[in-house]
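In what comes next, subunit A is part of two complexes: it sits with subunit B in the first one and with subunit C in the second one.
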Partner chain A sequence: MNDNLPEARPGLVQRLWRSVQRDPLSPESDRDRMRLVMNNLILHLHPSKVAARTLRFNYTFGLGGLLALLAVIQVVTGVLLMFAYTPSPDSAYQSMLALQTEVPFGQLIRNLHHWSANLMIVAIVLHLLRVFFTGGFASPRQFNWVLGIILLLLVVGANFTGYLLPWDQLAYWAVTVGSSLIGYIPLAGDAITRLLLGGPEVGAATLTNFYGLHVAVIPLTLFAVMSFHLWRVRKDTLTVPRRADEPGDVPVEKVTTIPHLVSRELIFALVMLALIIAWAVVFNAPLEEAANPDHSPNPAKAAWYFMGLQELLLHFHPTFGAIIIPGLALLGLAALPYLEPDMEAQGIWFRSIQGRWIAGISIVIGVLSAALFVGLDEVLLDLPALLPFLPTVISNGWVPLAGILLFLLAYYEGLYRLGATACEARLAIFTLLLAAFFTFTIIGIFFRGEGMALVMPWSVIP
Partner chain B sequence: MLKKLVIGALSVTIVGAVGSALVYQSMPAIGLAASEGQVAAEAMPATSAALPTATPEPAPESDMGDPWTMTGTISALDDFGLTLVGPDGISVYVELGPPAFWQSQGVALTIGETVTVNGYASEGMYHAATVTTIGGQQMTVRNEYGQPLWSGGIENGAGQNGATNTVHTGTPQPQAQVDEWITFSGTITAMARNMMTVQTDTGETLNIQMGKPSFAASQGITFAVGDAVTVVGFWEGTNFNAGDITQMSTGLRLMLRDPNGRPLWAGPGNGNGNGAARAN
Partner chain C sequence: MTEQSVSRRDVLKLGWGLASAAILGEGLLIGLRFLAPRVGEGEFGSVITAGPTDSFIAGSVTPFNEGRFYLVRLEDGGFLALYRRCTHLGCSVPYDATRGEFVCPCHGSAFSIEGRVLNAPAPRPLDMFPVTVQDGQVFVDTGNPVERDVHEAQSVVYA
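Entry: the complex of A and B
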């Protein structure tokens, strides 16, 4: 009899909840799970089903998700910091001191903001490497690769503008050194530097400019591009990992995003959040004495992620070290997916078994050749002195660059003739240059002491 | 085809550079000077004995050091020089000479300003010849041979701390004969009015001559026993004369002599003796 009764009308609370969340949060069938993904603002960034293999942690290492988590931490801690920070040379440093001593949890919030920002640079570079080494940028994902590079630049920009805000010696001189690189852009360098700094030198106007860029312009752009990037990930589909000897057209098992992907993401986010908080509790963000424009530290180093560039500047004419070489590197990076017509190794780490060997050898050659280059240039090879009749832009710019390009061409051709495919040879060049750049960065951070002289690391770290 | 063109262009660059460097390095000294565009030097006979009496010989380059150029931001400024921070983070102190001379040229240097300095580097000391501001103003404190203009320069042989009204008949003699600039670090063990005693890091004890006490005092750097210092100087007989002394704890540097060993307290010269012709 009861079966013939009309269904009871839901109560007000239930109706309110349904107006917000239409689908049940504990779906019981695959159909309900897929609908929940599609109808949810956050979850609909995922496809409703994913290839089971893409869930392997050792394929993606969760780097994309980690970056999203870090972006959220940046926003939350950044907004909190804004309540305690005044962007003026007279007050900025005092704000930092107040954060450390007066504001409840101020130090922890600043630590979280600082370390997660640094981790963001590490994670975005690792994410880029993961995508490159698994061929994840191949068609139809070329443009998303370019978006990823734009995001990398925005993250670096956010870090750089934030670096100045504590207004301590480290911040002031790192930004002075970093911004002076821009001055080497031909024709427009000085104008851009003045625009960015709000004058000829780092000062009150610079702090205002950097603050505006850091809290509004860059984050808004970053979230807009990030949304576009995530949307493209969804539309371009995910690469599926496979073994080197496995054909690309094998049918793959698919599973629903809920619970398989979402639960992994949630656990990973919680673990990472716990680790970041633990790190922030133990390690304080650096704060030196208040900025003193009259007295530079020796050496005045740029932020750590620019140390590779600063090291380049010690060996090349600034036009090449600061503009041409980084410009070519960025251009090459953006053009990579468009140069891979033979790209059939999507989802295979390092393209093939042979590719893994080639990558390993290239790392060794990259590290050794960079260290050798630094040593030679420091001790033996004084090109401007050997070629004093040439402008230094030629003798210390074009000549060494030509030597390096010849070396890279010879390496590429050599590998090709030894049986490497074109995409393996390109992977080798990329890996070699990457290893060399990391070596420059390590040398710059740990092996440069007073007057940027080469010293042992224990002489650099006080 | 494009690849061959690129490889060709790169190879020509490397072969050309290596070849030119080898040829250049094997050229005799007079040829080197000519190729550097030192027209005046080209016209000079090879030995000073054959020089016309009115043409002084430029100071040997080894006294001045190697030609050096740097563009950077002025991070500090004092009466005798400026601290320049390059885009690569290197910070150097550049000596400008006596304040009366360079300040009289009407080029206002300011902290934070970007300038290009041409000059000479020797034993960790940097000496300006010209300083060019971003606005194009140029201050010249040494001539093309590195000779200080405040000493009258080599063209007229004047200055040199009071070489007045004499007929200049040859190379002006610097007040001090610098054979070799020496740099060492150590700790001050005693202080006197115009001298300090330093125990070097290698265990030797040296008396450092600091010259005119009022000049050293005017730079406002207070040294004390126990201070760690780095001294650049030269032997003159049994005396060790300091060119500059850096107090390691503060980074402050006391400037005492120019690269020729000439005392900075000697002033602009111009034949008026002992710096009496100061502009201010």
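Entry: the complex of A and C
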């Protein structure tokens, strides 16, 4: 009979293991499962219980999780690339060639890094759209939306600084064009560009600066803000999806994060990882000839995610195309959740049944008006020539901007009069502008050929 | 004691607060200074000797790749050093000898031989570098690009 004996002291191995992992890794009860989440450094960014409905794939599409996975891929492949790359104009391009031909799996690792970076831009924009269209930014989640926009800027910054590193023609001229945009910031533009480039033009100092930003400053900031963002999601919880006719205050069923959420995340991550690796095996990241500062290629295009911006620049005075319009758009985006303090449509796609119609119509109007604008500006409308007595900042800046704002105002008012709520009208404006921006991006990528002339896609030199 | 008294604790708090702000500010300034331009000697950014005046015939455009400029000799014998960087978005503007114009490949801006804008989107003429002629030699100071809103005749340098 051992019943009365004190419990045997656990062995050394067991004690050592417990000093590392206090909770059992295969929890038996819900209570243990929740405790495991709370007491784990990484898992504790998750809540210990989640609403069962938020687990539906076609609500979140796993986009936030995909972004976290991509960030991890970028760190792992990026660190590997650092061992093979020399950040100096004399040897950067050579080290790229060596990476692709001599280093085992060098090409694959570079492809993974390149495609994951591009996918990150796509995924972060889709994530933003998902949160917007399901009203996921409403109180108390306003600030997490702002954090998301900061993350978007960081991802674009990481892409832009990384774009220069291969030091080929594509890199050199895309960064030259991109950094010239910054020069149009009123007053401080020149100083900021010189600081960023480490001189008047893209050169050795630029490569050093961009390398430091790309491998240290941006990733560290990104991971810090990302943790903050995830932690806020835990604190504020996810909006619960519901049909347009469901009331918002029904009690929600909750399940434990382990295994319901964690297992889904793991499976999704593995599937996505497999797809990304398959893609990277088939498609090589582009590498053109070595950078030649004496010769700009024709056409010299910025990176694809800047093509919408570059298209704006063809139609507006640079101060407007590069600074004022994107600045206003970004400010508007950050301010969105603060405009509607008590939004009752959280969790409903496009706010309501009516909202779905409005969004659809806005997409059509956005695409058509953007295409029409580009076409008109190409063949008919030459504002500086029509208004020769005005400086181009006004004739090609304030005048078209005022026209666009009037158009938007009329659209907003019109919808309001026709019976849309303020919330739906704002959704309409956002959707229209976004559709127009996507149209600009598509035109910039596929319809701009030599000398940035408007051509058909099959004659654009890739 | 006045009515509005400041406690020792408040003064200390303020002191520590200011010290923290100061150290943060210093760190930020040092960080920014680290990124600042570093110009090497004899590179682009220094005074470049272009050559004897006679070697440039009237109506010619001579590229200087290391100095990033074109030395233009106008029909009347005047000199201009034009920065080859497009004033729109910074592309290298090549000289098109058949048209007698500088045409930017990136966004189609065109400039006359004096750098005047013939075709938008460039917002201003090509920037110039100061030219000096001494003992029959042409010198170009690539450290100080001069921005201008219109081309003016007095900016042309004569031997």
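Simple rule for what comes next: the second predicted complex is superposed on the first by the 451 of 462 C-alpha atoms of A that agree within 3 Å, B and C clash if a C-alpha of one lies under 4 Å from a C-alpha of the other, contacts with A are read in each partner's own complex, and residues count from 1 in each chain.
The criterion applied here is as follows: a residue touches a chain if its C-beta (ideal position, glycine included) is under 8 Å from a C-beta of that chain, and two chains touch if they have at least 3 such contacts.
A quick note: this is a predicted structure, and the numbers were derived from the prediction, not measured.
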{"item": "Combined model on subunit A where subunit B meets subunit C, clash or fit", "value": "clash"}
{"item": "Subunit B versus subunit C as contact partner of A:186, first or second or both or neither", "value": "neither"}
{"item": "Partner chain(s) touched by A:399 [first = subunit B, second = subunit C, both, neither]", "value": "first"}
{"item": "Residue contacts on subunit A - larger count, subunit B or subunit C", "value": "B"}
{"item": "First (subunit B), second (subunit C), both or neither touched by A:419", "value": "neither"}
{"item": "Contacts of A:104 with subunit B and subunit C, given as first, second, both or neither", "value": "neither"}
{"item": "Subunit B versus subunit C as contact partner of A:11, first or second or both or neither", "value": "neither"}
{"item": "First, second, both or neither for A:209, with subunit B first and subunit C second", "value": "second"}
{"item": "Touching partner for A:200 - first (subunit B), second (subunit C), both, neither", "value": "both"}
{"item": "Partner chain in contact with A:247 - subunit B first, subunit C second, else both or neither", "value": "neither"}
{"item": "Which superposed partner A:313 touches (first subunit B, second subunit C, both, neither)", "value": "both"}
{"item": "Overlapping segment of subunit B (options 19-27, 55-63, 91-99 or 181-189) - the one that collides with subunit C in the superposed model", "value": "91-99"}
{"item": "Contact residues common to both interfaces of subunit A (with subunit B and with subunit C)", "value": "173, 176-177, 180-181, 183, 200-201, 293-300, 313-314, 318, 392, 451-452"}
{"item": "Interfacial residue positions of subunit C with respect to subunit A in the complex", "value": "32, 35-39, 44-45, 65, 68, 85, 88-94, 104-108, 120-121, 123, 145"}
{"item": "For the subunit A and subunit B complex, residues of the former touching the latter", "value": "173, 176-177, 180-181, 183-184, 190, 200-203, 293-302, 310, 313-314, 318, 321-322, 383, 385-390, 392, 395, 398-399, 402-403, 405-406, 409, 451-452"}
{"item": "In the complex with subunit A, residue positions of subunit B that touch it", "value": "3, 6-7, 9-11, 13-14, 17, 20-21, 24-25, 35-36, 66-67, 69, 71-73, 75-76, 83, 85-92, 111-114, 134, 251"}
{"item": "Interfacial residue positions of subunit A with respect to subunit C in the complex", "value": "173, 176-177, 179-181, 183, 194-201, 205, 209, 293-300, 313-314, 317-318, 384, 392, 450-453"}
